[in-house]
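Two complexes are shown next, each including subunit A; its partner changes from subunit B in the first to subunit C in the second.
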Partner chain A sequence: MTRSVTPERAEQDSADENDPAMRDLSPSVTARVTGWIGGHMLLVGLVVLIVFFSLENPLFLSLANARSTLRQLAPIAIYSAPVALLLITRSIDLSLGAVVGLSAVVGIEVMNSAGLFAGLMGFLGVGLAAGALNGWLVSYARLNPIIATLGTGIIFEGLSLSFSGGKAGVPPALLLDIFRYEILGLRLEAFLMLTSILLCGWILHRSRFGRYLYAAGESERVAFLMGVNVRRLRFLMHCIVGLAGGIVAIVSVAKLGLAVGSIGSSLTLAVIIAVLLGGIDLGGGVGRMPGVVLGVFFVGILEVGLLIMGVTEFVQQVVVGTVLIIAIYTNSLRRKRTRSE
Partner chain B sequence: MTTSTEIPAILIRNLSVLYGPTAALDGVDLTISKGQIVGLVGHNGAGKSTLINAITGAARPSVGDIRISGALVHRSYSGNPLHMLRQGVRVIHQEPSLANVLSIADNITLNAVGEDRPRSERLSIAREALRNVGSRLDPSRLVATLDFGDRQIVDLARALLGDVKVLLLDEPTAALGKEETDRLHALLLRLAQQGKAIVYVSHRLRDILDVCDRLVVLREGRIVMDRLNEGITARDLSEAVSPHVVRSADPVDMKKFRGDTLLKARWRGHPYAIARSEIVGLFGMAGGPQFEFAKALYGLGASKITVELDGRTLGIGSPAEAMKNGICYVSADRERESLFHSMSALSNLCVPWLGRLSQRGFLSRTAMEHEYLRAREMLNIIGPGMGAAITKFSGGNRQKHVLGRWLTSIDRTRLLVLCQPNQGVDIGARADIARAIQDARAAGLTILVVSSEVDEIAHLVDRAYVCEQTPWVEVMRGPDFEQALMQTLIAGVERRAA
Partner chain C sequence: MNGSIPDSATHGVIAWRARALNFLVSNGLLVALVAFVLAVTFVKPAMLRWSSLEGIIRYSADIAVVVFPLALLVIAGSIDLSIGSVAALSAIVMAKAAVAFGFPSGIALGLGVGVAIGALNGALVGYLKLNAVMVTLGGLVLWKGVALLVTDAQTIGAGVVPEALMDLGIGLQPVLYLPVHFYILIAVYLSCWALAHKHALGERLFAVGGDERAAYLVGINVGFVKFIAHVITGLGASLAGLMMFVRSGAVHATDGNGLEFDALTIVLLGGISFQGGVGRMRGVIVALFFMIFLRHSLVLMNTPLYFQHMASGILIVVALYVDSVLTRSADGRFTPNPGVIPSPPGPSSGFVAR
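Let's look at the complex of A and B:
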């Protein structure tokens, strides 16, 4: 975020230069460089990852691969942005994948019987309803969000399997065509991804709703005393995440060409890992959207890169788990350092 | 008292501690010999805590060094409490650091000599440690059953176990009564005779003058006074702590402000009325009924309260409702109920009015900064700047941010309820806050000052209710206002006890 130099800053800066004692005490160049790397660990890691994979396989840097990577990570990205906001309010959703599955099987049924538009509304409606249920349980019934959404996740999964009877729904050709249409070489999912990130970023950093999200996550008590309706805020965030689940379901069905109940099963962890890598704290009140975008790209590129290298899925799991732990550890170190100052 | 050949207990040379661009300590030199009690005074943010932390190794010096009995406090050991113990340094904080669910004996021997001994032996170690501090408490009692003064004694007994060279006390009497304070002071004098060096930090200048041999005043990270305690008065000391400060509010012509009735409320069956532009005190014991009323006004009571505000009858069931009707509130617990610690000073100030500071959904940075600059002007906020985290500000300046939230929006605020406005606030900031409150009143704001501190009430208000009995007793401002308040309070407490 660029900031205009405020008068007091300018004063301070010039005071630092004029005062020899202050100049001697200011951190050295190397300290500044290491400090910057410490503060941009994820960005450095991402660059290292890209360099590594392209040395392993020159095809990695090709345009075709970039496009397929983008397609690969679009659902994660669309979901991660609102989920980051949810985590900032100190809540969480473990039913992310199950919402996508339920929304997919119900939505495709509606679409095949009542037409494209009604079908799209079906996808979104199921997502919204699932999110509202989660939100109600967490905000108004005051259940622990981990337990509540673990429970609803199991329910949604069961519902989608019994609804579809284990059979895969086939999306109409029109839907597939819409998602094959390219503008500037990019498909619809890329634009949805961009929209989700920009919209959530704007909410978080430029609107008052975003300030309230941070406030609620940092201290529910203080936010309440400042007149912020914390319960409604969390309820709304769960609804938004549910709605995003509906959108992710549409994108996933179009990508796969099938609608099955298990379509989102790998999403829950992928999204939460991306968000945590991006510097969002489970304790709420911490994190920024640019970090989340980096986290999403890190997860997506890691997946695709390992795939190209021909690494088995099991080794992939080991790598992803290790990366997650390292990232969370460095985040906590950084936080400790800024706290102690 | 000191011989030049003796190794000083604490030797600090050219110590600076930087937090970002601001220097919390700036070239401090201080030598403390064995057996000396040094009183350390200064504003919030003057560097007292940083100095204590540097001596214990919890704060990292940017320049300079510290020696305890000649041994360097090594930087690689920064913040390691075990190393500090081994050097013979002990700290007593305002809050005793004890485990409530354990017995006194278990607490005293926790992570210390005798930890692995049988229970009977640990009890006798604890009994001995307690006797050293002149206490006859039963060491098998649970700490949870002790009152605050006794907890402090246990903390002290625990701290003095082993070879202690330096004892640091950070505001030890802040929560103690007179008798307990005297007991602590007698003990400190005895410890000094045994050759321990003691550093005593306090806001209570009288305590410092009572017990210390030497007085050190810090201001903006520098030592501005370092003298033996001979012929120094409390006035000299407070002058050194903060020069050019108005000590008490100018007498106010109340009639000039007293307008029509703003607030009518019934509380416990009795009606009370507050006029527009009045500053009214609600005075009582710590945790007394005056705070319940204050909370009820902000919708935090057990049930919805109905009041008449500006001639309109309204019920207040939540802070949001109170704010909508122009009632604003500052909690008595700033750190837990007023501040967002991970946010910037700017965000902290602007949180309640983000709607007004937005344009077509966008938060307007310019409007927020404008708001901040107004608050800074109004309250004389000093610190690292509006973009910095609120935690980088001193206690007094944090309090100014909390007040600034409401004082910048007088057009939307009718009644401001201030609980303990001077909580952890130094003399200089108190004067700034008092001035801002007077200005706000002149601009039409009505203010309730709710407190258990008599000087706070006497300093700020036109008249006060003493809330110790029902109905409340009104005391008007006049000569000996403070005394009248105290007498009414004591009478109330006695009548209730009878």
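Let's look at the complex of A and C:
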């Protein structure tokens, strides 16, 4: 199939290159400028947010709150870094939360019956399998990633419901103890978060694989001519995101002290919003890791700040929906500006 | 069919294959539906009893009023994921407004909410050229939050709907031997069918969905066409809210949960491609009955609840797969950038260079 598609695609992409606005900009400049503007716009927003919340409640700017905020946003951060890479290759995953739920429910069952290590493998294995299914559907069966992962999300939710029967699993004390242990005043999840961000940042900006990711998102044809196996790349990225889902499931279960199927339900939108705010474009090929980190902090601080203000969950939903739409809007503005320069 | 093979043998084969695939696309689902109904009837004869069929008609009208408008929107190359929340919110507005201003004006206000939200979506997608999936995903969360907020997560509106209307809504009072839902379903179907296949706007919907750039070049106001399609879908969503409200006589903010998935599954299953510009309304009505029969028989056969929930997810993935296989091979038109988010709006003109 690949071969028969290529000439067709060649036509589309050459039309793209004939456009004068596109031709003058080399991709790295586009990416850098976009990343720069995005990063700074968001930085201003972040400062405004922090000032606002500290005026509302002086306790907001305390060390204790900073640490609890860090814990709150750790799952989002661990997830966002690989999801950003996925979006850069021009795919997306909307089953993020459902994967976490399924992994949590199955993993805890394995952990309680076969020990801690096997349990951890169970968490990661389920995440990886779910990611592989998504990746296969998106890159090899070539389905629209948005709709396909919406569908698999429903399937994963149903599976976790059938597996748990709606009952919550209780993690063993050992797991909770591991995540309560502090090094340098920080818990394990903070280090996992740091690892995830640094690793994905290194892959994206320092490794050849990262350049392939940009190439695949920017222009499939060019990537293909460079000898990049775009399909395998997307498949791999979905697998990595699934694996990250398994890690997020472990962290979330340890944080909550319970394993329920709905554990990740609010995570999907939070992660997508963080990544979009961070300057990653739905069209792929654009964005940098520092922006994503800022996006994660923005979303995390917004969540914690609203919580401290005592706002109901319903208002939070309204805020989240609005922020998502604003994030897409600013993204489109930014895209227009970089293209017209 | 094989009698008129053209001069070139390969061309003949391709044409034959295309015709066979075409047949499958438009009638395969019908064959599957008939086979499926017969199979279920064999196991559970209760399936084809009149009371059961009546239930199916009543249940399908709820979703039908939004599925057909949504099909128009998908043909135009856009999408709406917020219909469930919009349905719930407009039903809530109806219930609240009915208390304040009486029942008929309450309905008008509720429908107005649907139209307004549709117009907002349409403006964001059509004129500001934002990604429709993300905008309406934001709407899904946003409007559900608003609905929960204004009702404080309470069920409201009990006793607002007039008794006579409730009887019609539940289907106790048949009109010409059939529940009133049947006529509503047919009316919405016929108007959407006429709009898509008999009206100039339909032509424009197909043109915009098929190739935005070309549609723009021939002088179609692309933004306006998408805007109108979103408004129609918003109206459809609030109609679905009205149906749910009138049937149960009360409304809760979570009433429309999952409506968007069911509706999208039906649209896809009905042969309307997410690439836009492809499909026929008659496929959608077959898909509607297929979905409703499936649901109904899953309930009849006492399958667990989580499986009934999952069936929708499985069906949407399968439908998507069949859709991608068929669009790839039916007319040699390949999906642009296979398996990828619809491309973002391009540079100055705001169009994707396909």
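We take it that the second predicted complex is superposed on the first by the 302 of 341 C-alpha atoms of A that agree within 3 Å, B and C clash if a C-alpha of one lies under 4 Å from a C-alpha of the other, contacts with A are read in each partner's own complex, and residues count from 1 in each chain.
Basically, a contact is a pair of C-beta atoms (placed from the backbone, for glycine too) under 8 Å apart; a residue touches a chain by one contact, two chains touch by 3 or more.
Because the structure is predicted, anything quoted here is derived from the model rather than measured.
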Just subunit B (first), just subunit C (second), both, or neither: which does A:E109 touch? neither
Which of subunit B and subunit C A:S332 touches, first, second, both or neither: second
Considering only the touch criterion stated at the top, classify A:R211 as touching first (subunit B), second (subunit C), both, or neither. first
With both structures fitted on chain A, tell me whether subunit B or subunit C touches more of subunit A's residues. C
Taking the superposition on A as described, I'd like to know which of subunit B and subunit C A:V222 touches: first, second, both or neither. first
Subunit C-contacting residues of subunit A that also contact subunit B: 8-9, 12, 16, 21-22
Subunit A to subunit B touching residues, read off their complex: 3, 6, 8-9, 12, 16, 21-22, 24-25, 206-208, 210-212, 214-215, 218-219, 221-229, 285-286, 341
Which of the residues in subunit C end up touching subunit A in this complex? 124, 128-131, 133-135, 137-146, 148-149, 153, 261, 264, 268, 274, 304, 306-307, 309-310, 312-314, 316-317, 320-321, 324, 328, 334-341, 343-348, 353-354
Residue positions on subunit A within touch of subunit C in the complex are 1, 4-5, 8-9, 12, 15-16, 19, 21-22, 90-92, 94, 137-139, 141-148, 150-155, 157-159, 161-162, 220, 234, 269, 272, 276, 281-284, 312-322, 324-325, 328-329, 332, 335-336, 339-340
Could you list, by residue number, the parts of subunit B that touch subunit A in their complex? 16, 18-21, 23, 26-27, 62-63, 298, 300, 319-320, 322-324, 329, 331, 336-343, 347, 350-352, 354-355, 357-358, 361-363, 365, 369, 384-387, 392, 405
